[in-house]
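Labels run A, B, C and D following the written order; every chain starts at residue 1.
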Amino acid sequence: MEYIIEMINIRKEFPGIVANDNITLQVKPGEIHALLGENGAGKSTLMSVLFGLYQPEAGTIKVRGKEVKITNPNIANDLGIGMVHQHFKLVHNFTVTENIILGMERVKNGKLDIDSAAKRIEELSKRYKLTVNPHAKIEDISVGMQQRVEILKMLYRDAEILIFDEPTAVLTPQEIEELMHIMKNMAAEGKTIIIITHKLKEIKAVADRCTVIRKGKSIATVDVKETSEEKMAELMVGRQVSFKVDKKPANPGKEVLRIENLNVKDNRGIKAVKDVNLAVRSGEILGVAGVDGNGQTELIEAITGLRNIESGKIFINDIEISNLPVRKRSEAGLGHIPEDRHKHGLVLDFSLEDNMILETYYKEPFSSKGILNREKIRSYAEDLIKQFDVRSGQGATTLTRSMSGGNQQKAIIAREVDRSPEVLVVAQPTRGLDVGAIEYIHKRIVQERDKGKTILLFSLELDEVLNLSDRIAVMYEGEIVGIVNASETNENELGLMMAGGGRDSHE
Amino acid sequence: TGCTNKQSTPSTQEKTKVGMVTDSGTIDDKSFNQGTWEGIKKYAADKGTIEEKYLQPSGEQETDYINAINDLVDSGYKIVVTPGFKFETAINKAADAHKDSTFILIDGMPHEEGKFDFVKHDNVVSVFFTEHEAGFLAGVASALSTKTNKLGFVGGMKIPPVEKFGIGFKAGVLYANKTFGTKAEIVDYIYQGTFDDVAAGQTLAAGMYNKGVDIIFHAAGGVGAGVFNEAKQRAEKGQKVWVVGVDVDQYETGKISNGSSVTLTSAMKRIDVAAYDYIDAKLNGNFPGGQIITLSLAENGVGLPENNPNLSADTITKVEQAKKDVLDKKITVPTSEDELAKFMK
Amino acid sequence: MWDIITNIVPLALAYTAPLLIIALGGLYSERSGVVNIGLEGLMGIGAFTSALVISKTAGNLGHTAVYVGLLAAALAGGIFSVLHAFASVTMRSDQVVSGTAINILSAALTVYLARSLTGSANIQIVSGFIKRDVPVLSKIPVIGPLFFREAYITTLIVFLIVVFSWFILYYRPFGLRLRACGENPQAADSLGINVLKMRYIGVIISGVLAGLGGGIVITTYSGEFSPLVYSGLGFLALAALIFGKWNPWGVVGASLFFGLAKTVADMSKLFEGLKGMPNIIFNTFPYVVTLVALVLFSKNAAGPKAAGEPYDPGKR
Amino acid sequence: MNKKKIIIPLLAVLLGFITGAIVMILTGHNPIEAYSALLKGAGLFGDVKRFGDTLLNMTTLILTGLSVAFAFRTGLFNIGAAGQMLMGGFVAVLIGVKFNLPPFIHVTIATITAVLAGAAWGYIPGLLKAKFRIHEVVSTIMMNYIAMWSVYYLVPKYIPGSFSTESKAINTSASLRTEWLTNLFKGSYVNLGLFLALIAVLLIWWILEKTTFGYELKAVGFNLHASQYAGMKVNRNMILSMMISGALAGLAGATYYIGYANNIKIGVLPSQGYDGIAVALLGLNSPFGVALTALLFGFMNAGRLFMQSSTSVPNELVPIIIAIIIFFAATSLMLETWLKKSEKFFKKSEGGK
């Protein structure tokens, strides 16, 4: 058996679009096979077909050489196929164990047998080094642990073929490292892995072979060892892509954003930000690095006004904004690209144009005396759409929900950048985006800096922080444990600091 | 279907269409709607000269009533029967608008809004009942029948007919105490406040029976259904509790599984007779148009049922005596609290 | 005082039982992800069916007819709820619209059928259940007089169903799956659980229980079917469901709380000291205290996450 | 897209009537006779008075429908329109009975206070939701009953009428009825409320589509978090939204109690409050949809009794038909798929030529 999985000439249409256009994918047993392609290229769709969530219009699927019809996930499970979805499919108020056993529960003495399931989960998590607390509720655990739960779900079902759809988009560097390790482990144990990721480095690190998809068509399958990152990117986008952000040295001006002794509590009432002091100057990008859950979210929300502070002060140009409502802060010159674009960034049921004026609708020229000026709004939105190359079906009137993540993100960036706020808080600006989109967004952020704006960048991706920032602050357990110049540091040093060690640590 | 009666015998004569509009509640309310309708249906069955139909208006506002009456008239209904004082102002207007139609208004008289002066229309007869007299007899019967000397009254909403039943009941108990030496006392005299809260009816009845009340007189529509329900459940267990029914003979309503009934007696109001009689009067050319007619004990318009299996012979005799006192005008049954106060002296 | 309490509590329990079972029905439906505003209508169907069946069969079956009537009520509620399931699960329509249609349809249809089948919209039953002291249990001090004296057997049945439901929902695979469908149907689907089937089951159970609730109304405190059964009990049950935070014991608490408040208000007219007070105080009492209780105890009641959203496997 | 939005409810209505006809045939009645009686009773064959009654019925339903729809558009489910309507009506009647003012001024004050009373009754659930996150479904249900019992107590105490179950009639100066309209419609009580309702439709449409306020309300309705992020005052908007919803219901109360009727009865919650839910949903929560649906319901209400009195069809069939229509509207997805299929079919057969 040369191939454990063969998807031959798969075609899948959605209303108005061909998501998969005669794609062929062949995966060898025991290999780690990467799937690469732009946002919307059709990767998730292809995997959903393999997992039985969608039925293809044409094409054949062979598993272990036998032709199969996978009409629902149960069949996929029976064939030993498991999938970790791009958006986790977990029940937030169930425990880890409950989530894992869901659908194949065992009963003992008439009751759900949670205990022996938990035991088995503990065994699995030891064997594959997937640390989880079987009795914790999903809503209480970190994203990284949630992903480990997803993986355990597959292993618990004895999956032999594991599909990972963008598993690293939401992970911290450490977690990514661990995940790569786990994948290699699993491959070594004979499991076959298909991984979708936009990060070429990761493909390089773990994958044996890589199939590139562009606009629903399979372009090529390459041997990863023999193909450079640049080459893969070029195959995927159809042109050359530069990875290094093009930027001149910063030219910082006066201090614009100042944070003094800031303390903030999280949802559970525990102090999440502790005595933070920061000062950012105009014309510079200050990156904040740190492992997820070390108070970044709370810090962002405190600065932008989405969360009350405990004590301390925040200034923009000597105006204290610490207790101002969101609107006042925005008028004082604060902009915010939020980390969760669906929760905060967009009203998904609004049209694109209505989203473009989300913070400025009450101002001239979009409205006067409380009455919207639809013409102005339309022309403004169309202008931004053109300027920022936001792609969508029906232009300004497209329902935002139907847009791809990358274009949704571009819309937010267009909106925030165009307002040209003096201080721009940018959180996870490129999560889940393809290299082309990332390249573009990075360029715009640097442009803003060069215009003399103050930029506070939060990113879980060390690469991004290192590439974009002029200075880097590292957050650990709610404290800023050190600030370094981007040009004078490297991943190793940052990683160490993020783990609580490093040069400026207090003890 | 329930509302049209297709007569099988084809008559050469065109049948007169007789329509009815229901008051609040439905046609099967075991009270004035149902009573009226039964009178009409009985007439149709007996004589075969009318074709009958009822309408339930969309609401209880005057506008709803007027529109329902219009619909009947526009569909060729010549006689319209409306039970309930709520129709008073609507009939006042409709009678003018439809001079060719005849109206039988039960429990009310036409008058203008905000004024209580009777407005005479030659095509309207107004029929009132002396509910207090029925309540009075029920009170006498209850006072004579109680073993615990504790009686209860549950009224629905505080509307004139209900109040009159209640006052009469009080007077009857007083009369019995004075005349026959009974020691009955109305320990709870309550208006529940609705005609539809069945659960509250049961709760109230349970509370009263628990206090030792053994007879409850209800004039409360759906709330009364709750009272009956509680009484029946207790009777099934062998407890001796009773309900006095209202408007119609509620003996059947009170039946329990062994065939007996918890209905001691019922304070009746012969609405069916009124409907029957005035349709007949109209068709025979002796319609008392423009009159206000009060049907009382004397005309057999109110009273207790003929058969009262649950009243002892002695009680029946004594009730007859009380009835005679009223008929002979030896006593005048009060209709209001003020009159009741005088009556006590 | 104790006298008064032992007087009130059994009556409150009698009133609570149908409210509780209807709310519990709502719980199954909403836990599976389908908002059921049609509880009132489903209750009415049950009430109608039980009254009809009991009145038609009591002659032959005697007291057994009452149980047959209850079963028929549950069955009819279940069958009628398929309409709601079909609209909101299969057709993915707005669940509130479909529930509203159920309410309107039920009220009109039952009265229509009652008139065409029996000639009257009121269907009376000769005898329903009778409050009795539960042997042995009613002798337990304190608890006995409160919960087991003057109790309807249906109240016990309802509480058994609550215990059973709690077990089913939290200790059986079925419950885990049902709840998963209400929280994250995509997750359930990806694990091979048939979301549509689970939702059908949830809605049908809600119909069965709401229908049973209607049957209990008839066989305990009402004694007859009439258009009056549509007096808002289903809406109160919806309120109890939310007040009880979509949790069986919470719903028990909320229903009991409401039943007690209502019974106290009804009984108040019988107590000497209270007779003189303006009746607005008693009549609004159950509703006002419910609001106050919500303010005090029930912040942030969040229902099943996916309740109200039709499940569309193609949509992410 | 937009065309489809209109076609589906229309199809639903059509299917509802067809199903109603089938039910009639099955139960031995003549649907053609029945439907023409329904239309005739609603004045669609030229009886001006009857058509006036259709408009009269429509008036209240437009406003309760708008009330529910407006709340829906901002993410709130207002089951409390009945209570808000009742409180509005009570206050209007109170003013109408207690004061003696020049006609125009009197009715204006009565109407405005009704609107305010409705808003106040909506304010409470709004506040409870904003401050304590109490689900508005529970609180509005409770507020309905509180309204019912408050009116039950207040009417006999302050404005008792001939009987303790109803209030005195209002002074004619406080009535929304006008002679010229009544004459124009040959005695129907269609009244100024009709114009108020139509103005409300336009106003609500304008607020929702054209103003920043409407923009905010919709944003809050769709995505609370994004609205917070954008600097909108979420709590304030929630309260305002419930208040406007209540105000519309209060206005419905005015048109009903000092227009349709001229006094207020105790012990009942106006059914129009609940009907408003159906009107809103069938009208797709859009102001114009609500107006059209209210017209449909209005004419069914106005014509149903005539249908019953002049044919053998029982009156209960009308709500059955309404329910069926709603049900078809609810399952409009099925219709949509059918539409799509038929579209495809036609396109294919065209392409084949």
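Everything that follows uses one rule, which is that a contact is a pair of C-beta atoms (placed from the backbone, for glycine too) under 8 Å apart; a residue touches a chain by one contact, two chains touch by 3 or more.
Please read these numbers as outputs of a predicted model, since none were measured by experiment.
S.K.: What are the mutual neighbours of subunit C and subunit D in this structure?
M.R.: Under the touch definition, subunit C and subunit D have A, B as mutual neighbours.
S.K.: List every chain that touches both subunit B and subunit C.
M.R.: Where subunit B and subunit C share a partner, that partner set is D.
S.K.: If you average the Cα atoms per chain, which one ends up farthest from subunit A?
M.R.: Between subunit A and every other chain, the largest centroid distance is to B.
S.K.: Please tell me the distance, in whole Å, between the geometric centres of subunit A and subunit B computed from their C-alpha atoms.
M.R.: Going by mean C-alpha positions, subunit A sits 76 Å from subunit B.
S.K.: Please report how many Å separate the Cα centroid of subunit B from that of subunit D, as a whole number.
M.R.: So the centroids are 36 Å from each other.
S.K.: Using mean CA coordinates as chain centres, what's the gap between subunit A and subunit D in Å?
M.R.: Roughly 46 Å, centre to centre.
S.K.: Can you give the whole-Å distance between the Cα centres of subunit A and subunit C?
M.R.: Using C-alpha averages as centres, the distance is 45 Å.
S.K.: Mind pulling the residue numbers of subunit B that touch at least two other chains?
M.R.: Expected reply: 1-3, 193.
S.K.: Going through subunit D residue by residue, note those that touch at least 2 other chains and give them in order.
M.R.: In subunit D, 27, 152, 314 touch at least two other chains.
S.K.: Which chains touch, pair by pair?
M.R.: Contacting pairs: A-C, A-D, B-C, B-D, C-D.
S.K.: Which of the residues in subunit C come into contact with subunit A in the complex?
M.R.: 171-173, 176-177, 179-180, 183-184, 186-193, 305, 313-314, 316
S.K.: Give the list of subunit D residues in touch with subunit B in this complex.
M.R.: Of all residues in subunit D, those touching subunit B are 27, 41, 53, 56, 152, 156, 161-165, 168-169, 187, 189, 260-262, 265-268, 270-271, 301-302, 304-306, 308-310, 312, 314-315.
S.K.: Which positions of subunit D touch subunit C when the two form their complex?
M.R.: Contact set of subunit D toward subunit C: 27, 77, 79, 128, 132-135, 137-139, 141-143, 145-146, 149-150, 152-154, 277-278, 281-282, 314, 316-320, 322-324, 326-327, 329-334.
S.K.: Which bits of subunit A are touching subunit C when the two form their complex?
M.R.: Residues of subunit A touching subunit C: 51, 53-54, 72-74, 77, 83, 85, 87, 89-94, 98-99, 101-105, 107, 110-112, 153.
S.K.: Under the definition above, what is the set of subunit B residues touching subunit C in their complex?
M.R.: Subunit B reaches subunit C through residues 1-3, 26-30, 188, 190, 192-193, 196-200, 202-204, 206-208, 210-211, 222, 225-226, 228-230, 232-233, 236-237, 253, 255-257.
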